[in-house]
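Heads up, there are several structures right after this.
Each of the two complexes below includes chain A, the first together with chain B, the second together with chain C.
Take a look at the complex of A and B:
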């Protein structure tokens, strides 16, 4: 059964002519890693805000359809009630940081859940370690670099250990190692703890391979939802939706069109690319002998 | 006599109020028209370094010259004629009520005549795909479009050194293509660039020199292609090479791998069977 169910939802912000979302239906299942991809103004941020109840509970507008979170309509939760279930890190990390030190920022959420102090401390240390900012524990968030602020905003979501983690464009300011570490930990949280993870991004190079499902959005509509290989089968289609195709996918398509590999051998990510190319090399070297 | 470098930093150190030493004896000389990719882990000191070039920060120790003039003795308004700065967060620099006024603000302030201002604004709005949004309030736009507004604002000043902090982050594919084209236009006119980014593919496309920072120091400085195709040095400073570089280094000969910067390069190497020798 799904943990979040969005049913035929449309939403229009006040004073806007065009709806931000049009008739979107999407279920989010426990333990899945879902990529929500699309260009600018696709509706990704609006949908993210809906997944943790910011819309309609805080951000008002014209809403139609049903948003069910953990079995109940999102509008029926008391203020802050959904944050126990769904954690959201915003696109602009600065807009969610407000305490005097890094550790207070990460402890703030769990403190509001009346969790024992030792447990809070354990969670804070864990979240800071996971995000690689344990050494910044006593610093002021305002003194951090852009990338460090982004790590902190995500650590504050992790420390809540919610059932669903929603990250709106989390990779923008992270350095390459930070991106890889984040993707690895999210994947582990999904597999080992059954936490659902939703990542909204317009660049998909680094994580497309490990997603269970990819949903493409464009102009407020959900275009498709399926396996990574089905969802992003054509790089030209991705471009029309404002999504930069993964470079290895472009390589794969070109190698197919040049008859260097077969259609069946198409690849998206590093692991599969490596396998396919190694088998090509082995075959050719075998042919020489 | 050779013209002075556009930026010249000598032994620059800087410590934040909370005691964080962000720059530690940085020396760097940037020639007119050079295209530098400034890379390094989060917190390496990249943004702090850049803020010394437009006078936002003054060094605790050392000296920063812009176009031969000491930044510590220059007014910010004077520096703004030479150095442009695109911040990471668009909301740190947007403050006008329409997109048009936002982009016009800089050119007006450097004393251009009204018709020149109008020319520049129209040109850069078109280059960034914003012409139809000229009358919109910037803060009502999406994050990606707000970034495009700030890119137009910085480029419209046509300064000789532009510092671009993650110019394509949060842009979608179409926006990124436009932004890169607009930036290339400025570079073709001879502007020098410092591109601060974690996107090594973007560095490969735009820069000819790479500077790596780590712990507030410059730890590598050299030819972009040489550094970007060397996974060892990238990994040493926490910078994972892009997937194509990794794949090339795993499968192709060392010589071939050092030439792979685009998908087409890889295809050519595969066709020529430039495989790594079997162990």
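Take a look at the complex of A and C:
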């Protein structure tokens, strides 16, 4: 059973000629890590806003199709109601951190949900620990680094204990190390807590092997979705969609074209590449002996 | 610099006071300063407030630059005053259009002190009160929560917009726009390429903020709980009583000319 189900949805912003989304269907399942990949203007942000009901409840436009969140149409929820089910961290962290301390920021959501203070305190501590920023508790959000702001933005939706968290381009401001750490945390949330995690990005290098499913978007349409190797076509196709292909995919394609490995041995990420390359080396050694 | 960024991350007795004590103090001082002219009382109050402000742990460098923003106005008053007020017996300086008498000097100093005392009350509040405790205090004093939240968000983003405006200005200047030259009308016109992007940016940010508020459950429940609610302790209650009683009595005594210099 999916938690969010989007059926043949099209959406056009007011006064725009082209639709931002055309006939998109997508399901989000419990505990999965879904990568929503697409270039600039692919419609990622629009889709993210749809996953937590901001479209159509706050942001208006011409909408067709069905958006079902936890069994009910998203438009049937009262204001703020969907926040108990879906947490969204916006593309721009600056517009979502508006309090004076990290702790207040994380408490803001549960306070709106009328959670008792002792319980809020437990949740704040938990969310800060999960995101690894417990030591910043009394700091001012504006004093944090880009990566820390991003973690704080996620902690402040985690404290509402949603079933799904949607992150719109969370990796942009991070260095490679920070990206890997954050993805590690998100993957643990999905595996251990059963929270569905949706990450929108224009590149997928760092988490190709961690995500369960990939959905590729281009020009408002969902091009493909499925397991990473199924959804991701050739690196050239990705490039035409404005998506930066995984670096190892380029290597893999080269090795296939040079007949070093077979199509079946193609790889996208580090782990699989290691396996394939090791077997290749073993074979070479075997050949020599 | 934002009013909210003024908060000094410390834990001092002033910080621990109920925000209502500090709000009431700031408001009463502001009203008080409209009525009170006794220069000794004002000076004493000014010194007392400076001690309290420094005890919040604000760095002297930071505080003095903030105080200077207000001090400039006070200074301009003192300098310009003799043009308009030439009355008084004891003449200190007489340049016919600019005549300084001891009496008028005291009057202008009293006005300057009123401005400084008024500002100090608000500095004390903002240095030692986090945004959420400030809003909580205002709400408990009767302000609607929505209004309190809007207020605190506005305060949080104003400096962000100013910063952006400076950035856009620098960008336009580096592309060869002359923003700061020509006559006044030309300057206004030159400023349009800076103002419009800033406005667009502010609009985008505010859309982001409302999206973020709703996503964080704003309005989901008719009653809100508070992670750390404020509670009036005995000290707070005593201080509120002290302010509420002493400030009006000082005004009455002053108006009745019972304290004199």
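Worth a mention:
Methods note: the second predicted complex is superposed on the first by the 287 of 289 C-alpha atoms of A that agree within 3 Å, B and C clash if a C-alpha of one lies under 4 Å from a C-alpha of the other, contacts with A are read in each partner's own complex, and residues count from 1 in each chain.
In the analysis below, contacts are C-beta pairs under 8 Å (C-beta built on N, C-alpha and C of every residue); 3 or more make two chains touch, one makes a residue touch a chain.
Small disclaimer: the values here were computed from a predicted structure and weren't measured.
Superposition of the two structures on chain A shows chain C clashing with chain B.
In the superposition on chain A, A:139 contacts both chain B and chain C. Touch criterion met: A:57 reaches chain C, while chain B stays clear of it. By the touch criterion defined above, A:94 reaches both chain B and chain C.
When both complexes are overlaid on chain A, the residue A:30 reaches neither chain B nor chain C. Legend: residue contacts after superposition of the two complexes on their common chain; A:65 is shown touching neither chain B nor chain C. Of the two partner chains, chain B is the only one that A:173 touches; chain C does not reach it.
With both structures placed on the common chain, the touch criterion links A:78 to chain C but leaves chain B unconnected.
Chain A residues 92, 94, 139-140 lie at the interface with chain B in one structure and with chain C in the other. Interface residues of chain B, counted against chain A in their complex, comprise 16-18, 20, 40-43, 46-47, 88-89, 91, 142-145, 165-166, 169-176, 198, 200-201, 238-240, 242-244, 246-247, 250-251, 263-264, 266-267, 270-271, 273, 275, 278.
Interface residues of chain C facing chain A in the complex, by the touch rule stated above, are 4-5, 7, 9, 130-132, 152-153, 156-157, 160, 204-205, 207-212, 214-221, 223-229. For chain A in complex with chain C, the touching residues are 49, 52, 54, 57-59, 78-81, 83-84, 87-88, 90, 92, 94-96, 98-101, 103-104, 107-117, 120-121, 124, 138-140, 142, 156-157, 160. Of all the residues in chain A, the ones that touch chain B in their complex are 38-42, 45, 91-92, 94, 139-140, 143-148, 151, 169, 172-180, 202, 205-206, 238-239, 242-244, 246-248, 250-251, 254-255, 258, 260, 269-270, 273-274, 277-278, 280-281, 284-285.
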